[in-house]
Every structure is written in C-alpha cells, then in structure tokens.
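One chain, subunit A, appears in both complexes that follow, with subunit B as partner in the first and subunit C in the second.
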Partner chain A sequence: MAMPVAPVLRYLRTLRRFWGTALATQLEYQLNALIELLAMAGNLAGSLLLLWLFHRQGVALGGWSWNAVLVVLGAYTFLDGLTSTLLRPNLSRIVNHVQEGTLDFVLLKPIDSQFWLSLRTISPAGLPEMGLGVVLMLWAARRELGALPPAPLLAAAVLLLAAAVILYALWFVLAATSIWFVKTWNATEVLRAALTAGRYPVSAYPAGLRLLFTLVLPVAFLTTVPAEALLGRLTPLTALTSLLLACGALVISRAFWAFALRFYTSASS
Partner chain B sequence: MATVMARGLRKTFRVADKQPGLAGTLRHLVHRRWRSVQAVREVSFSIEAGEVVGFLGPNGAGKTTTLKLLSGLIHPSGGELAVAGHRPFRRERAFLESITLVMGQKQQLIWDLPPLDSLRVNAAVYGIPEREARRRIAELAEMLELGEELTRPVRKLSLGQRMKAELMAALLHRPQMLFLDEPTLGLDINAQARVRQFLADYNRRTGATVLLTSHYMADITALCPRVLLIHEGRLFHDGALAELSERLAPWRQVRLELARPLSAAQLAPYGEIEALEGCEVRLAIPRERLTATITRLLAQLPVLDLEVSDPPIEELIGRLFRQGSLEPAPR
Partner chain C sequence: MSFLPPLRVARTLWTVQFAYMAEYRAEIALWALSGVLPFIMFGLWSAAAADGSAAAHGSVAGGGGPLLGLSAAEFARYFVCAFVARQFSVVWVVWQFEEDALEGRLSPYLLQPLHPLWRYVAAHLAEQATRLPFALVIASGFFLLQPQAFAWPAPGRLLLGVLSVGLAFAIHFLLQSLIATLCFWSERASALERLFYVPYVFLSGLVAPLQAFPPELQRLSLHTPFPYLIGFPAQVLAGMPMGGEAPFSLAGGLAAMVLWLLLLVPALLLLWRAGVRRYSAMGA
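Showing the complex of A and B:
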C-alpha cells in the first residue's frame, strides 16, 4: 500500500466508532431491535422456503444444472444481504443530508466524505443473509463439483468483491444525484429491481435481456460471473473485464461525487 | 498577518422562478425559468488572527452564505478568498483541521446517544489519540459546566445543554478559526450568557479567531469589538462596534402602559410611534432627548408603567437601512 500507516489507522478507528455508535443507536430502541431481529428471521425463513420450493421442482435454467443455479442464487442472496447491511442504510441517507443541510458537517470533517457517507452506519440485520448467501454458494458448488479447489474459491471471492463494488458504485452515483434532484426519484429502487434479475443465470433470459443485463445494467457481473468463477467455468477475459469494471465504477463514482459537490448549495438554515 | 482575506467576494445562486398554483406548477414543469440571486456581491474585508468579529445584517442579508464561503462549504462565484492560508472550497485536510462551523439551527450530535459517543466519533475522525481526547473532553466539560449530561442521550438534554455539547463537538480538535452561525439561537438568557462567556474565554485562552452571526445584540456587544454589517449581499459597515453603536444608539425604545388609550396625534410629539395598541404604546425616542422626554411623558400622560430598552438588532438595522443613512463602506 502506498498510503502511509497513520491515515489508514485513522480510518479504521473511525469505522469502529461509526459502527459502534450505529449499533448503540439501534439498541437504544429495544422493541425496534427485537422487531428487526424477527424481521430478519422471517426474511431468512422466506429465502429458505423459496429455495426449497425451487429445489422440489428441480428445474434447470439456461442450461445450468439445478446446483449451479443455486450458486447464482447464493451470490444474489449475498449481495441482497449487503444491500440491507450497508448500501441501503447509508446511501439512502444522503438525500436527507442534502435536504436538511447536515451534509455540511460531513463536508467539514477532515475525512473523505464519500467514505463517511458510504460507511457511517451498519444494519446487522442483513448480516445473516450475507452469511446464508456464502454458505449456499459453497454448498451448492460442492454438490455440483464434488470438491472445492482453492483456486476457483479465491477467484470467486475476488469477483464477488468486485460485484459488491460495482453495485455500490452504481448505487452511490444514483444517490449522489440527490445534490440536484433533492428527491432521488427512487432510482435506487430500479437498481434493486435490476439486482433481483440477478437471481438467475443471465443465460436463462432471452437474448435481448441478456444483452441489457451484460452491457447496460451489469447484472451479469453481479451474480453470474462470481458463480461461474466458483464453478470453474470462467474465462480469464470475463474475470479481467469484471475487475476492470469494478475499478472503473469506483473511480467514476469518486469523480462524480467531486463533480456533484461543485453544485452543492447547502440547504439554508 | 491577516488570517481571512476576502476581495471582491461574490456568490450567485440560481433559483427556480415558479408561480404559485397548479397552472404555475405545470408551466414550471414544461418551461423552467431561472432567476439569479446575488447572495454576496463584491464583499471585501480582512481579519487578523485572534480577532472576534460579528456579522450583522437582516435575515437574508448574506451572512450565512458568507460564513459558508469562508468555511469552504460552497464555491464562490467570483473574487478572491483565503482563510488561514488556504483556499477554503478546496477543503484540504490541514484547512478543515484548523476550522470549525457551529450552526444554531443544525446539529451534528447523534440524537439517540449521549454526547460522549459523538465526541468519540469526532476524536477518531480528527485523529486525536484516545487519551488526549479524554483530556480535552474533561477540559471543555469543565469550561462549559457539563457533567453527567455527557452520558445522557442528546434527545433528553435541554436546548442549552445541547448547544454546549455541540460546542464541545465543534471544538474538540482545537480549531484556530471558529465560524459561528447563530450559536445562541433559542437559548434562554442564562444559557446565552454562559455560551458568550465561554466563547470569550476560549478566544482568550487559545487566541482563536472567531466570526459570529447573531440576532441578539447582547452577543455582539459582549463579544465583538468589530462588526461587519451586511445588507443585500453588500458590506455596509466594517469597523469598531462603538462606531456602529453611535449610529444605532440614537434610538431607544420606550414601552408605555397607559391608563386609557390615546390617539397617535396625542403621542406623536414625544417620539416616533412604533406600535400603538389600545393602552400599549411603543415609542422610539432619540437618546439625547430621552431623559427630558420621559419626564414629560410621566408628567403629561396617564402612564401606568414605563420601560426603556435597546431595540432588537434586527429592528435597528432595518431602521437604519430604511433611512438609508449608511453608505457602503469605502474600499
């Protein structure tokens, strides 16, 4: 790492405080925390039931065996959990910061404002879903292949991370537009719906949609590519494309944020 | 050396010009019309390190916009601006570590948690080591007379306690430049006085530069030897408070409670009538004639009660601008 040690430590310490206070805030309302916990359990049960229903039918989609489909579904479940844990709690707040003018406080801190806005809070209710996603991927891949060699495992982990970065960057750019359109016309819901399309392998969709999901909305890179990696079916070119896409998306999100801030007028007192 | 340098500072906002009603909304949807609002026009001033300067002006004069320009929240539309050797809107780390902005209307403390939690977050953000942070918290808490309030959820604190805790959060990193926008807003008289005392102490102890806006004249008189008077985005007065008071103080407000209602014509000889409602009267009386006029009032009118006070700053400034007695400060 080119970064000096001290700033990294400062960001880590800040993150610890961020999440510590986020948890403390949620625990402040005991009933609310209990309801969250119940909702999480219900959500998890629902996902499992859905899986079981699919399993009974044993359908194959887009030339993928049932177990391979489950790997894709695992990747989707992981990203959906990530959405509930970090993306939604943090990024949907940006619009409030803009509306109420509290973005001022964030911008005046000697810390990266994108870091602050993206990681200020955490909702642990989504963590089990993330865990379930990973377990499902591993379990289904093992059933499909009979073994889990380390190379595809590593590739899948990296590409799942890349998928998370792509999803985050898209979401952040949409949330950042609230600097102009104070109401973010629920564009993020569109993104979430697109993510839902990633429940199934891209090849299960008609050609037109397949193109859309690969070129316009990178749904293919969110779920299908990490699943392919785990199943050892990935071409190096796709892997490279996914990584470049992740890096590019992150860079663009940062540039876009810097650009958007030029238009920030700071809601008056 | 001047720590704040503003030369020809300008800020123009583009706002939508929208007629009321459905028709207006539809027209706005199809054909948007924009209007430029010049919030700050050609403002020039400089401030030395350690000075305490008050920003005065009616609502919408451009005070808050100027503070936001100085703290780097918004880009200037034109002119030059340097604060502590930095260009504020670049928001470089060294700059942000040396300034703070307190806004009476917005809060940074976490609503559901005790102030101590917010303070720890800020300590981490500013990279203040834990032990040092504890020391500073103890020191600030003593200066602000905060104790167990620091471990009570913010939502359960009184407005005064909350503002003190806000000040702690804003000062933990020991800024050399304080921008305060209405720091005493809504506080009761005692709390206002304590906040003022604290700010004066802080300025004395640390030599920090303080820029503040306030609706309360007492804040300005107690803290600011120098004031900048801004109206419609222009700088009208830059100088000692004493100079400004000379222009403002000729008027005193005299409230009267009468035994029976009197007509405006009967009251006019005593001073300018500001309000007349039944038996309640408010007059503006030139200071040099105050004693004589009061003697006459008491002798000639059925006065039950009488109270002399300084008019609210907003009113004074409003009167000043209505009379047009101030020309833009020559630069």
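Showing the complex of A and C:
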C-alpha cells in the first residue's frame, strides 16, 4: 500500500505552525525557563548523589556497574524531559477542554483530534533535559564499553523511541479518562510518581516489584531496555517485546480515544 | 477580650474546610497514593541489603556488617514512617495562595479581621483529616505485604513521633508560606517552589535515611530545615536509635525544630507585612 504523502505533509506543516506559535509565547517567560533549568540541574545532581550513596556502600544496584547505572539515569532524564516538553503541556489540557466544553471546538477542526490534543503545544524548557539525558547515556556507555559500535547505538535509538511511545500512550489513556471522571489530573501525578522508579535498573528491585514494573507498569521497557541496548546486553526477544508493546500501546491509545469520544456529551448538555 | 471568640472562629473555619475537603475525597485519595516514592526507595534499599554485595565489598560505614547497620525490617519501618510523616506534613499553600492572589480572592480575605494564613492552616488540617483513612489503608497494605516489618512503636515514641510530625508540618507550612508571600512581588511564585522541592526530596530523608549520608553531608544537611521535615519524625516513629552514632538525638532534634519555628514565624510575619504594603489587588 502506498503511503499517501499529501496528508502527512499537511500534518507536518501544521505541526510547524503549532510549535512556532508555542515557542513565540514561551519566549515571553524567560525567568520561568531559567528556573526550570535550575530545577533540572538540581534534580540530576540529586539523582547522582543518591546513586553515589549506594555506590559508596559498595552496592552495585541490580549488579550494574556505576557507569551502566548512569546510562539508565540518562534514559530516565531523556524521558522526563520529553514529559515536560510535550506530554504535560498538551495532555494536562484535555481535562480543561472537557470541563469548559472547548473540546467541542477541537473535535470540529478538520484535523485528527488525538493529533491536535497531543501535539498542539511545546514547552522548550524541557528540551535541555532531553539533550542532557542523551549526552549522559552516550558518555556513560562510552566509559563502560570504551567504544560505541553503531549497531547498539541504532538499537538504543529505536528502543528509546519505543519507550517514548509507550510513555505517551500511558499518559494519553490516563488523560483521556477525564471524559468520564473530569478531574483525573491527580491520577497522572500518581503515574509520574510511580514512573520515578525508572531512574534505576529494574533488576535493582526485589522480585515482586520487578514483576510489577515489567508486567503491570512497563517501567522496565522505558529505561532499562534502552540502556541494555546501548550497553549491548539486550536479547533480541526483549527488543522485539518492547517494539510490539510500543505498537500495541499506540493502537490501544487510538482505540481508547475513539471509545471515550462515544461517551462525550459536551459540557453544557 | 474573652477566650471564646478565637475558639469559635477556629471551630467554624475547621467545619467549613472539612466539609469542603470531604467533597474532594477521591482526589485526596489519589494525592495520598502519589506519595509512593518512599516505597520505591524501600524496594531499592531492601534489595541492596538482601543482596549482600555490600558486605562482600566491605562497606564504608558498616565494616562488612548489614547495610548502614540496618536490617531489611528496619528499612521497611523507616520508609513506611517516612511515607506517613510526609502524608501529614505535606503542604500546598503556595499554589492555593497564588490562585487566590491572581483571581482577586485575596482582597476580601485581607479585609477580614483574621490573618488570611489561618484560613490556609485550617484547609491543610482538614485535608489531613480527610487523608488519614487513605494513608492508613496504604500503610496497612504495605504491612500486609511485609508482615515481618510490623512492630508497635513504644507509646512514648508514638507520642513524640506524632508531635514531631506536627512540628514538621508547621515548619514546612511556614517555609512554603514564605515562598507564597513572594506572590505579592511576582505573579508566579510557585515556580520558586520547584527549586525548593529539589533539596526537599534529596536531603529530607525521603529517598535515603540520613545514616546513608557521608558525615560531612549529614552535618551540612542538619543545618538546613530539610531533615526535620521527614527524616527526624520518621526515625522517631520507626523507633530507631537516637543519640550517639545516630544522625539525630531526640532532644537535639526537637530543640532544632522549635528553633526553626522561632526563626520562621517572625520572618514570615515581617515579609507578609512588607508584601501587603506592596499589594495592589490583582483583578480589582
């Protein structure tokens, strides 16, 4: 089946307009950006401090070396940055749209509503965090392995993308439940709190939590799997599982949105 | 002036705020659940303690003994107490205050013959009362999964623990109110709270008991209010040893908390007075 090019181009052009206007707005709040930057640096320093507290006791978290653990922290930092850049600014507004009835206007636009709701705006303050996460991953992996062959690099890039898709689907499905419950913002806070578990390799947890973070809340696929890929320790089966999970999550998020919209009755009716 | 009016005001404030908070039970339950961080950290520390790799490598602090000199059960008790301490000392005044200031609700509050901060104190206490059953359910659930960690605290420790959680709430409330008062100068004081939150997470004992800190960092952090917000109340509640080699002593910790209160109350009142003088009633 040939991919229709014109609609894709149209969506890309729209995206450029969306983000251009968002950037112009955000540039008005430079002090906020500075505070975000400082908070990011502080958070990373705190995470390093905590890892060092384990390290100085001679604890190798889950049997991972210091540098290998830093690769996981890098993956977490990247995804945390992605959350502040795209997920939170966009998906946290779904609640407001439902509450104030402005979701009607979104649904009437000649554009896919999930696309609009997920990518309408961008918060550039999270971009440095994403960059720093990638740099930390590469730097720590280089120190661990001595060199970075292209094959693990490519695998890590693909699996990090898969992780981003899984993370997006989790957030989107949770945010979409606001069609029924209206106030689900706190539920995403619970998700955020639980996902901080991804700062450390999943094997560092006791068996019960490891199972929970692999099967119920896929924390393992978010940070540990991309890190394993970069360190060249990944089994093909895990990689395949992660890719299938990402595809499945995306399909489920679309199906769930279509399902949720059937129950949408607008704010005033 | 008689003694009764303040009491009546307090009762009315409490009744109103409790009725309000009870309406938001579901949200408060989710907030309670979003405090899972200590349980995640318990997972890491207990797995590290059970792993025994620390002993094999010859640990710095324990000299080959158990990790940090704490057993897995003690780690569990510490982190569940850290969870409880945080549940009842968590403060959100800065967001509420910012919203009230931006939407012009603050102006009528300022006209009333009652310091507006008392209203927020009542709201926090009412929210804590609403949160109590949820926090208890979560803590009991944890003990069901980790029955070997359960132990009744000694009555004296329980009493002192409750007292220190109360003091921790007071200190946290005053600190965040200081940030909130900056709303009189800047529209977005809550952004500053994000900066304050970083040392709160990493130095308070939420992610690691203070025993894990190297001695210099331990000393440094004890000069800040952060360890008294979570770490000290949690260690009192968990019945951990105090004094000697331990990071806190019972009397010293309580004295430090009172000292912080004595420092913060006048600071807040001064900043508040300066702020109100600047206030130009947004939205009016």
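What we mean here is this: the second predicted complex is superposed on the first by the 233 of 269 C-alpha atoms of A that agree within 3 Å, B and C clash if a C-alpha of one lies under 4 Å from a C-alpha of the other, contacts with A are read in each partner's own complex, and residues count from 1 in each chain.
Please note the rule applied: a residue touches a chain if its C-beta (ideal position, glycine included) is under 8 Å from a C-beta of that chain, and two chains touch if they have at least 3 such contacts.
Given the structure is predicted, the values throughout are model-derived calculations rather than measurements.
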{"item": "First (subunit B), second (subunit C), both or neither touched by A:245", "value": "neither"}
{"item": "Partner chain(s) touched by A:14 [first = subunit B, second = subunit C, both, neither]", "value": "first"}
{"item": "Partner contacting more residues of subunit A (subunit B vs subunit C)", "value": "C"}
{"item": "Subunit B versus subunit C as contact partner of A:227, first or second or both or neither", "value": "neither"}
{"item": "Subunit B versus subunit C as contact partner of A:202, first or second or both or neither", "value": "neither"}
{"item": "Which superposed partner A:73 touches (first subunit B, second subunit C, both, neither)", "value": "neither"}
{"item": "Which superposed partner A:194 touches (first subunit B, second subunit C, both, neither)", "value": "second"}
{"item": "First (subunit B), second (subunit C), both or neither touched by A:122", "value": "neither"}
{"item": "Subunit B versus subunit C as contact partner of A:175, first or second or both or neither", "value": "neither"}
{"item": "Interface residues of subunit A shared between complexes with subunit B and subunit C", "value": "none"}
{"item": "Residue ranges of subunit B in contact with subunit A within the complex", "value": "13, 64, 68, 71-75, 91, 93, 96-97, 99-101, 103-108, 110, 112-113, 117-118, 120-127, 153, 181-182"}
{"item": "Complex interface listing, subunit A residues touching subunit C", "value": "31-32, 35-36, 38-39, 42-43, 46, 49-50, 53-54, 56-63, 183, 186-187, 189-190, 192-194, 196-197, 200, 204-206, 208-209"}
{"item": "Of subunit A, residues touching subunit B in the complex", "value": "6, 10, 13-14, 16-18, 20-21, 24-25, 28-29, 100-102, 104-105, 107-111, 262, 264-266, 268-269"}
{"item": "Residue ranges of subunit C touching subunit A (in the complex, touch as defined)", "value": "26-27, 30-31, 33-37, 40, 43-44, 46-48, 50-51, 53-54, 56-62, 67-68, 145, 188, 191-192, 194-195, 197-199, 201-202, 207-208, 212-214"}
